[in-house]
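Look at the two complexes coming up: chain A is in both, with chain B in one and chain C in the other.
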Partner chain A sequence: MKKILIVDDDPNIVDYLTTLFEDNGFLTFAARNVKEAMELARKEIPDLITLDLEMPEEWGPRFYRKISQEKNLKNIPIIVISGFPGCTHAIGKAVACLQKPFDRDELLKIVKDNLK
Partner chain B sequence: MANEILIIDKDIRHAKALGIYLKRKKMRVYTAKNSDDILKLFDRINIKIVLADPSCFSKDFIGILKKIKKTYSEVQIVIMATPEQFDYAMAYLKDEAVHYLLKPVKSAALDMALKQAKTWIAVNSKLLRYEKKMQVLKQAQNLFQQLFDEVPCYISVQDKNFCLTATNKMFKRDFGDEIGSHCYEVYKHRVLPCEKCPVADTFKDALSHSTEEVVTSKSGKQHNVITWTAPVKDSHGRITQVMEMSTNISQIRQLQDHLTSLGLMIGSMSHGIKGMLTALDGGIYQLETGLAKGDKKRTDHAFDQIKQIAGRIRKMVLEILYYAKSRELVYQTVEIKKMAQKAAEDAMAMAIKKGIRFKLKIAPSLGTIQVDPNWIHATLVNFLENAIDACIYDLNKKNQFVKFDIFEKSPDRICFVIQDNGMGMDQETKEKMFTLFFTSKGSQGTGLGLFIANRVICQHGGTIEVESEPGKGSCFNISLPRKKPEQFCIVDPHHEEIT
Partner chain C sequence: MFKKILFATSTTEASDHAARVAFNMAQSYDANICIFHVIGVPTRGFSQIVMDVKTKEKVEIDDEYIAWVKEEIMVYYSKQLEKAKSYDIKVAVGFPHREILREARNNSPDLIVMGGSTGDDEDSVYKKSMVGSTLQRVAKAAPCPLLVVNRPAASFWGGISKVVFGTDFSKASDAAFKFAVKLAKDLGCELNLFHALDISSLHMGRLLTQDEIESQIRESLRCIRGRYLDELKGIKDYSFDVWEGLPYIEIVKYAREKHADLIVMAHHTQKSSNEDARLGSNIEQVIVRAGCPVISINK
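So, the complex of A and B:
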């Protein structure tokens, strides 16, 4: 079973993504800040990460910089899901950038394409 | 021309002779047989001169003459009397007759008397014309003074030294009756003339000039004004004074500031709104799939979630509405105990759900307070919810609590203390927490809550003291006056945040 790490500070959105991914046969972990996300990423080595940009304390791009420096984690595909337009500039290597509120089917398609 | 003459003489031959003489002099001659005739004649014809023997008709003839003079003031009366009646006539008519002639009348004397009467008539009519003109002039002057006074602008007239020589009503109302003072002293409390002065420019080139200024009224209030000048010239066309007209545009400027910050707000909050919409999508997804699968647990959870998100959206919309339209406070006298209990009840539900202890302590017999209950309630709930959030966000403690203490600080001030042992605030958060659009809650905050709360407390003449330490918790000490303050301390928050 493929593992997805969800990073978002809004518990309602975490809940949404968790249910959505689990309904489609993925295993999920959720983190609501960068610190938690780093711990979980190192422990679980997920197959894919969804990342919010604006969070209290540290923001999404800092998490991206941190995992880019770790050998085991730097190749994990990242999907940015945030309220900001034009997030490609924030995280250059993201496989996709979705704006909230996102299209559910589009997200699932991107996830499945990246986890083949 | 004063050619209509009425001859009144009981001596018919004498009268006839006079008539012939006067007709030869191109005068229109009328005669009257009795006193009724006289009055009827005056109704019909514009008689200018009356040549009369006062011994005519009745004893009251002099009374009739007096009446005529009173009614037709422009009529000139020439009296002709026999030597016996001469003194009597003079004593009674006095200066109401323009001339007195001895009977039988001699032509030279009559000519002179008529000439004098005509001169009087000419002078009188001239005076009448002038009087009418003066009246028109006076009316015009009144009208202009009224216009000058009632124009909804500040108008001042200044000489070459920028001394005020005239000001209108609105100017006097806001800047005082300062005739003789310098414009720059009164408008700007300066000791020297302003560097760029439209009045000086108009003295130089006789053209109208305009500037935008900030002036300070006698009460210390600042106004944004647009100023126009116009030269005032004397009869030789020299500029002796300059009129300055200032229109108050403070409201427009405030509106502009407000619109700017509204734009800023929409921009900064669109992120939060998008987050909520996504969460709402999530709730709907779970509800749909829960129902499809007949999974009651999931359906219930979805309901709960949607309810919670609806609450968040409601709060945000209300905050936007408050900010979009700043309202006047509506003061009411309310019971402090009831007000505090109501705020506590609203916040407590959330605390209990999250397993946070809520301690409410209301000192006995607090009495009443004058506030706008709606805004104070919203503000207290906001502080309480923040305290609960601070506990929720704090992941390191188990025994979390929020304390809400209400007590009398002094007879005229009431304290509302909200304390939590949550995550606390660092120096930066503490400094910025009341700033518009600042939030430490990421996408969950609008950055409006504490900004509005601070403004509401300020408007009520209250104060907020904050103590906080990261990891240990925060304490907000809100102090409100028991009675409505005489003067509001309204710091204009838009101004501070935008500039």
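So, the complex of A and C:
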């Protein structure tokens, strides 16, 4: 079963994404901040990560910078999901960037395309 | 992976750097190395009088002269040959590119190794920035991968541990990718997939905004994932990157940044016209500029 790591500080988004992904046959893990996310990523080596940009303490791009230094994690596809308008290129190597509120079908399509 | 290496040499300084890599590879992979030298071109038709490319003298070709040339080659490479486990020395008469290709067809080596342009001293300034005509012609028709060491800096070599594969998403690149994957798996090396987004000529002089460039980069990254990711299973370490700029410069920069030991690229680019397909100008420039050996894949 493919694993998805959800990184977001908003519990409503985490709940929504968890339900959405689990209903579609994925295993999920959630982290509320970058520190938790790094620990989970190293432990579980997810197949895909959804990442919020603005979070308490460290922000999403800093998380990306950290995982891109690690051999096991650097190639994991990242989908940015953020409330920021115009955040499309905040993380250059993200596979997609969605703005909240996002279309669930569009998100699922991107996830499935990247987890073939 | 490399059991038969055809080292095409002018037996001059221009081939010394390639010699270092060729002999080192032969030793590392227990390969047979065939040192192949073309003496020169007959003055006319099937004349026995040949202009020796090395001595620049007109000579009459007979068994004795050929034996002398072989002896000279043995002396020139004596140090390397001491360590070589299995080697042949062959000489031929004719146009260098034709003879090299003929030898490659007859003996099906796994790899041809060539050096840079011999050039004449007085035009060396120009010669240094373009590949020689023999190299161009061999690259165009080689039946196996061709490894080129053009600059002395490209030859300081201790085996292959990091490979850069440059792609333009053409069919020819897919063939080069297969070779790069096989190489990375067989030799257990890191494979870095790279695409350079050409922002110089495609847009008729219109300046692209950075957002447009970055959107295209994202699209190219998606393309790399979609096209190549499935084949990368079993490779210990890999990465993919897309940089914008002048493709050949970006590939050379990327290889430098990654400390690459080898660049693998397809010979034919997307350009279809015969004139342009001579040697895709990108790989031509990469060969000339790279700080490591470059393997050109023809088919």
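We adopt the following convention: the second predicted complex is superposed on the first by the 116 of 116 C-alpha atoms of A that agree within 3 Å, B and C clash if a C-alpha of one lies under 4 Å from a C-alpha of the other, contacts with A are read in each partner's own complex, and residues count from 1 in each chain.
Here is the rule we go by: contacts are C-beta pairs under 8 Å (C-beta built on N, C-alpha and C of every residue); 3 or more make two chains touch, one makes a residue touch a chain.
In this text, all values refer to a predicted model and were calculated from it rather than measured experimentally.
Participant: Which partner does A:K93 contact after superposing on A: first (chain B), second (chain C), both, neither?
Facilitator: The answer is second: A:K93 touches chain C but not chain B.
Participant: For A:L17, is the partner it touches chain B (first), chain C (second), both, or none of the two (neither)?
Facilitator: The first partner, chain B, only.
Participant: By the touch definition at the top of the document, which applies to A:R104: first (chain B), second (chain C), both, or neither?
Facilitator: A:R104 contacts chain B only, not chain C.
Participant: Would you check which partner chain A:G83 touches, where first means chain B only, second means chain C only, and both and neither mean what they say?
Facilitator: A:G83 contacts chain B only, not chain C.
Participant: Going by the contact rule stated at the top, is it chain B or chain C that touches a larger number of residues on chain A?
Facilitator: Greater contact footprint in residues on chain A: B.
Participant: So, A:M55: does it touch chain B (first), chain C (second), both, or neither?
Facilitator: first
Participant: Once bound in the complex, which stretches of chain B touch chain A?
Facilitator: Touching chain A: residues 270-275, 277-283, 285-286, 289, 298, 305, 308-309, 393, 440-444 of chain B.
Participant: What part of chain A is in contact with chain C in the complex they form?
Facilitator: Going through chain A, the ones touching chain C are 71, 74-75, 77, 88-89, 92-96, 113-114, 116.
Participant: Under the touch definition given earlier, write down the residues of chain C that touch chain A in their complex.
Facilitator: 210-211, 214-215, 217-218, 221-222, 225-226, 230, 237-241
Participant: In the complex of these two chains, what residues of chain A are touching chain B?
Facilitator: 9-10, 12-13, 15-17, 19-20, 23, 52, 54-56, 81, 83-84, 99-102, 104
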